[in-house]
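Order of writing sets the chain letters: A, B, C and D. Residues in each chain are counted from 1.
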Amino acid sequence: MIKVGIAGASGYTGVELVKLISNHPKATLCAVTSNSYKGQSLTNIFPSLRGFKKAGFENLICEDLNISSLSQRIDVMFLALPHKVSMKVVPALLEHNIKIIDLSADYRFTNAAAYESAYQKHTSKHLLKKSVYGLSEIYRDKIKTSNLVGNPGCYPTSILLPLIPLLKEGLIRPDNIISDSKSGVSGAGRSLSPSTHFCEVNESFNAYKIGNHRHTPEINEVLSKYSRQGKIAITFVPHLLPLTRGMLSTIYVQAANNVSENEIRNTYLSYYGDEPFVKILDKNMYPAISHVKGTNSCDIGFHFDKTSHQIIIVSAIDNLIKGAAGQAVQNMNILFDLDEKTGLNLVQGPL
Amino acid sequence: MIKVGIAGASGYTGVELVKLISNHPKATLCAVTSNSYKGQSLTNIFPSLRGFKKAGFENLICEDLNISSLSQRIDVMFLALPHKVSMKVVPALLEHNIKIIDLSADYRFTNAAAYESAYQKHTSKHLLKKSVYGLSEIYRDKIKTSNLVGNPGCYPTSILLPLIPLLKEGLIRPDNIISDSKSGVSGAGRSLSPSTHFCEVNESFNAYKIGNHRHTPEINEVLSKYSRQGKIAITFVPHLLPLTRGMLSTIYVQAANNVSENEIRNTYLSYYGDEPFVKILDKNMYPAISHVKGTNSCDIGFHFDKTSHQIIIVSAIDNLIKGAAGQAVQNMNILFDLDEKTGLNLVQGPL
Amino acid sequence: MIKVGIAGASGYTGVELVKLISNHPKATLCAVTSNSYKGQSLTNIFPSLRGFKKAGFENLICEDLNISSLSQRIDVMFLALPHKVSMKVVPALLEHNIKIIDLSADYRFTNAAAYESAYQKHTSKHLLKKSVYGLSEIYRDKIKTSNLVGNPGCYPTSILLPLIPLLKEGLIRPDNIISDSKSGVSGAGRSLSPSTHFCEVNESFNAYKIGNHRHTPEINEVLSKYSRQGKIAITFVPHLLPLTRGMLSTIYVQAANNVSENEIRNTYLSYYGDEPFVKILDKNMYPAISHVKGTNSCDIGFHFDKTSHQIIIVSAIDNLIKGAAGQAVQNMNILFDLDEKTGLNLVQGPL
Amino acid sequence: MIKVGIAGASGYTGVELVKLISNHPKATLCAVTSNSYKGQSLTNIFPSLRGFKKAGFENLICEDLNISSLSQRIDVMFLALPHKVSMKVVPALLEHNIKIIDLSADYRFTNAAAYESAYQKHTSKHLLKKSVYGLSEIYRDKIKTSNLVGNPGCYPTSILLPLIPLLKEGLIRPDNIISDSKSGVSGAGRSLSPSTHFCEVNESFNAYKIGNHRHTPEINEVLSKYSRQGKIAITFVPHLLPLTRGMLSTIYVQAANNVSENEIRNTYLSYYGDEPFVKILDKNMYPAISHVKGTNSCDIGFHFDKTSHQIIIVSAIDNLIKGAAGQAVQNMNILFDLDEKTGLNLVQGPL
């Protein structure tokens, strides 16, 4: 059994990891940390966890992030921490030979300057060369041999999975890529703010951070690696949906000259046809958040307009699973040489 | 492996059964029937089931309810059918030695007259003596030896589990029992009606069928078995919540003379302290729908007013799981002598 | 034109008052105060108010609650302030001959001890004799001659309006009155708390403050005035609905001996048949939150069980209007001898 | 007083018209028709209308669409009818000198072929020359002298208002215009369908009718009139939001050469600075559905990217008001030479 620690277990991503690891047949949850709930049991923080005696949540007490103590008890650490906090603990964890899957942005970038322009000064730049971007389907070979995974952001996951194959194969033009993305409220986390007050969100909808969302440089850095014509600067507009979990991106791109609908479909199928967690939908079928909620799936549908050569791609994920905790567990499975589906292939109903 | 058939698989209860059986380690889904979607695959009806290749949903085609054909392939049949439709097929299924868990009301009653007053003429009254009421925690011994289980209604489950111990032990007065119950919209099923139109339900709330809900005689018949002072006539008022799944009952009863809070708590603990799917909450803790959603748990909290001797009991369940499909699977586990938790003890997060 | 000031204009009740006064044909909004948004314009705080040039919101700047300054400019002050804060300013406002409609609990009670047991020490007890409880339909004669109105709580309004006529006429027993009440989230106000975080409330439902909600003594004090048999101690259980505005109370009472359904209906009609803001629904019709949302109406329906003599009463209001700002404006209309409907009788659609 | 008839009063748009006309100081509702609720009173269909005695809803009985009877009693008829049904009655209504505001698509098009490609054969093509497209701010001069207004679709309103000024002034390129639009469920009307079932919509989100929504030719026809470089073929992708009312469009266009942010802002202000129902938001401010819900306003905000010359425009309306009934009343005000704001400028709060 893999011995797992989760730092930041009292946040929404943290508790989603708690759930997935508890249901994982080859992993055991051995330690949880929380800054705000130190000394409290998980069942105290999350009553929905009550009564799973087997899982032993009653005895899982949120502790300090004490690395020397933790390192005795765990093989792998998930960091569901705010940006900047991860940087403070990753170097020491690595010294103790703990494998790390960091869900903050701190180790997602190759280029420290790009990170620093969007976040803050990076205090362990040398590790950016060692860390691997945890977009499982694309980077699984590198992940396999790594011990530090920078788990992708939720918006980037929903945008990169559909775009990378088309870009890499030269099927779309690298300029003028637009992603109109919509996220549920859980993406904003569990801390309190006017923008997560029920009465402000319910029955409303709006765009936010137009032109300056921190996920834009993350998306651009990865996409640019697959561009045949220089750097990519995507237009990315996030919106807030009045629902708890789920994310949908509607992506507008121009096909390269002479590209046909079949080529697009075949490319998608050659990349993802055998992937358990990426589904390419049939023609005229499009994803819905309700089809992926509670799963680790990224559903992708597209429409090709022969006249304008425009491709409209729609992708949907559960922001807390494929967009965070689920992909993190998928990466753990890769790191430990398990079948990637382990613990992630439960059937989910429509409601 | 138990070979399972599900009749009425295209409804909300039906597909919840599909999900639970698919995730069950000791059962295989062998046949599904649907009147409205005959000939269609489950993935066509419910896109959220797409891509679970292991589960083989792509090949599960909704068929007719042809008993002689089905009986070759299954050990147990779940009937997620409308009332009256179950009655038509149960006798024949029994003749083919198929075990039956009927989620309609047709075999929930002992007294045919009570059934007929609330529903319609019963066409196989003789089977009411053989059928067992499937309230798992209370009737598991009888269920074990049965081959026809009348799975309880959702409202009755949320009301009977907290009331039976107190009534049986004589801790409460049998008159003037009130249950103010609230259900999510999935309880109304998947068929179209003005009362399930999004715009009519959303941002609203109302009581309905005051004084004449069909679950009242079901509750009364069962409760009366535990009354020491004649028949019980509960006051039951159902309400419709603007949410998809979950049910909460707030129950008002009078304590019998000289009963103390401790006696109530101890009675609950002696009945349910070891039950995996009934949780008695600590003093001053009360259930919430979010704590049970997605689980087979019935959470129960209570408040005892020393002055007035009134007991306010709050119970919460997921109407589609403990209130329908989950309890049905729990009953299957009992019928087949499995650990009751099998397939039902996945950890659920708070969102 | 009545010159109006609103203290606490940046809360949900405050801004509802801003809306109602702005749409009122005989009143002008002259001053608004806010502790948290001092110096900011209302349009800055509430973008939905933008662009109503006539209303002049752009020029309404939230100021300090400076009584000598305000008293020059206004005839009446609405206090949408937290409990305790009202007490601090009411005596001085009265000295300046400003009429006051206080939406906090500070002047709702006749009995200071009852107030103090639920809230805190009262610093102007002598005014409790002068203040009038602002349940408009019941106390309009007293309100007419008053200058200090203690505007009722939302839960009490939904419970007292249906109960007072029956109690006063001796049609129901004064013991064992139960109100199972449900409120939308706006009732919890605009300040941030885990219990108003979208993800915690959405798709959930729960009871809270069982046995110790502050509205209980308020309800009991008023009801007891109409009891023929001593003090009334209601059983009141509030619940939180996953919707923004609206409140519904399901009330369970026992009819007195020999009372008939017709007597109940006729009593209701004699009390409320001519009231513009209380609707007695026809037999078998019950209120829904969607029927009163956005209006100053209290809808009341009831079911009488001949066998058990139990009466089930359902009442619905918009917690922010009849439960707060609307009733406050109705009281202003009474204070200034206007038709009570002035500014409150706009037609509201179903959505 | 203007004597008003509303055909199709039992739909969501119809009842919104009922509400607006009832609150309108210069109009009286004289007749309502409904196919499904013939002979029933409006209060029977919509309980929220109960008790407005002044408005007389109790006496407003849904009648047949009998033109010779209706024409005796009304000056203007709003047609809130399905496409094709309007065509059948408009010619006769015109013969009776009734002014018509048609909320179906039947008289929105200039080009009959464009209409017929999206809908069905047009049976009164000659009237298309006489009808005026009812986008109030743009066509008010023509509307003033007309007697047949084709009231715009909701999506077109949210897209055309922000685009026409920029296109007409040559500030944007006419190719590659994208509108990613999101609508609340009330846009789908009151009839029952799986896509409006609460459980299917709630907690979900999806795109629909990609590449073939009927509003696309309507948008294209109008936009093309303002293009300096031939016909416009917009990319329009509608999405369904899990909320009742409101619509938001995020529009992506390329600025023409050398256009500055100031030019765009100034153009908007010169077109709309004095409009009561179009608000141009300050830099870095963007609309939200909660800011326009319940109002006749179209809020517009934009972001200009200097590097890429891309303009991201966000517009928000209430789909039932500015997107349907409100704009229809605005057009009635124009037709009858009233101040356009009459009956439409009530202040709306944030909730």
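Here is the rule we use: a residue touches a chain if its C-beta (ideal position, glycine included) is under 8 Å from a C-beta of that chain, and two chains touch if they have at least 3 such contacts.
Fair warning: this is a prediction, and the values are worked out from it, not measured in the lab.
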Taking CA centroids for every chain, report which one is farthest away from chain D. B
With contacts counted as defined, which of the two, A-D or A-B, has more C-beta pairs across the interface? A-D
How far is the middle of chain A from the middle of chain D, if each middle is the mean of its Cα atoms, in Å? 39
Per the centroid of Cα atoms for each chain, what is the distance between chain A and chain C, given in Å? 46
Need the CA-centroid distance for the pair chain A / chain B, whole Å please. 37
Chain A: positions in contact with at least two other chains: 12, 186, 199, 202-203, 242-245, 288, 290, 293, 350-351
Which of the residues in chain B end up touching chain C in this complex? 176, 178, 180, 182, 199-200, 202-208, 210-211, 233, 235, 237, 239, 241-246, 248, 250, 252, 286-290, 293, 303, 305, 307-308, 310, 312, 314, 316, 350-351
So in the complex, the part of chain A that touches chain C is made up of which residues? 12, 185-186, 190, 192-194, 196-199, 201-203, 242-244
Would you pull the chain C residues touching chain D in the complex into a rising list? 12, 15-16, 18-19, 22-23, 46-55, 57, 186, 203, 244-245, 276, 279, 285, 288, 290-293, 295, 297, 299, 320, 345-351
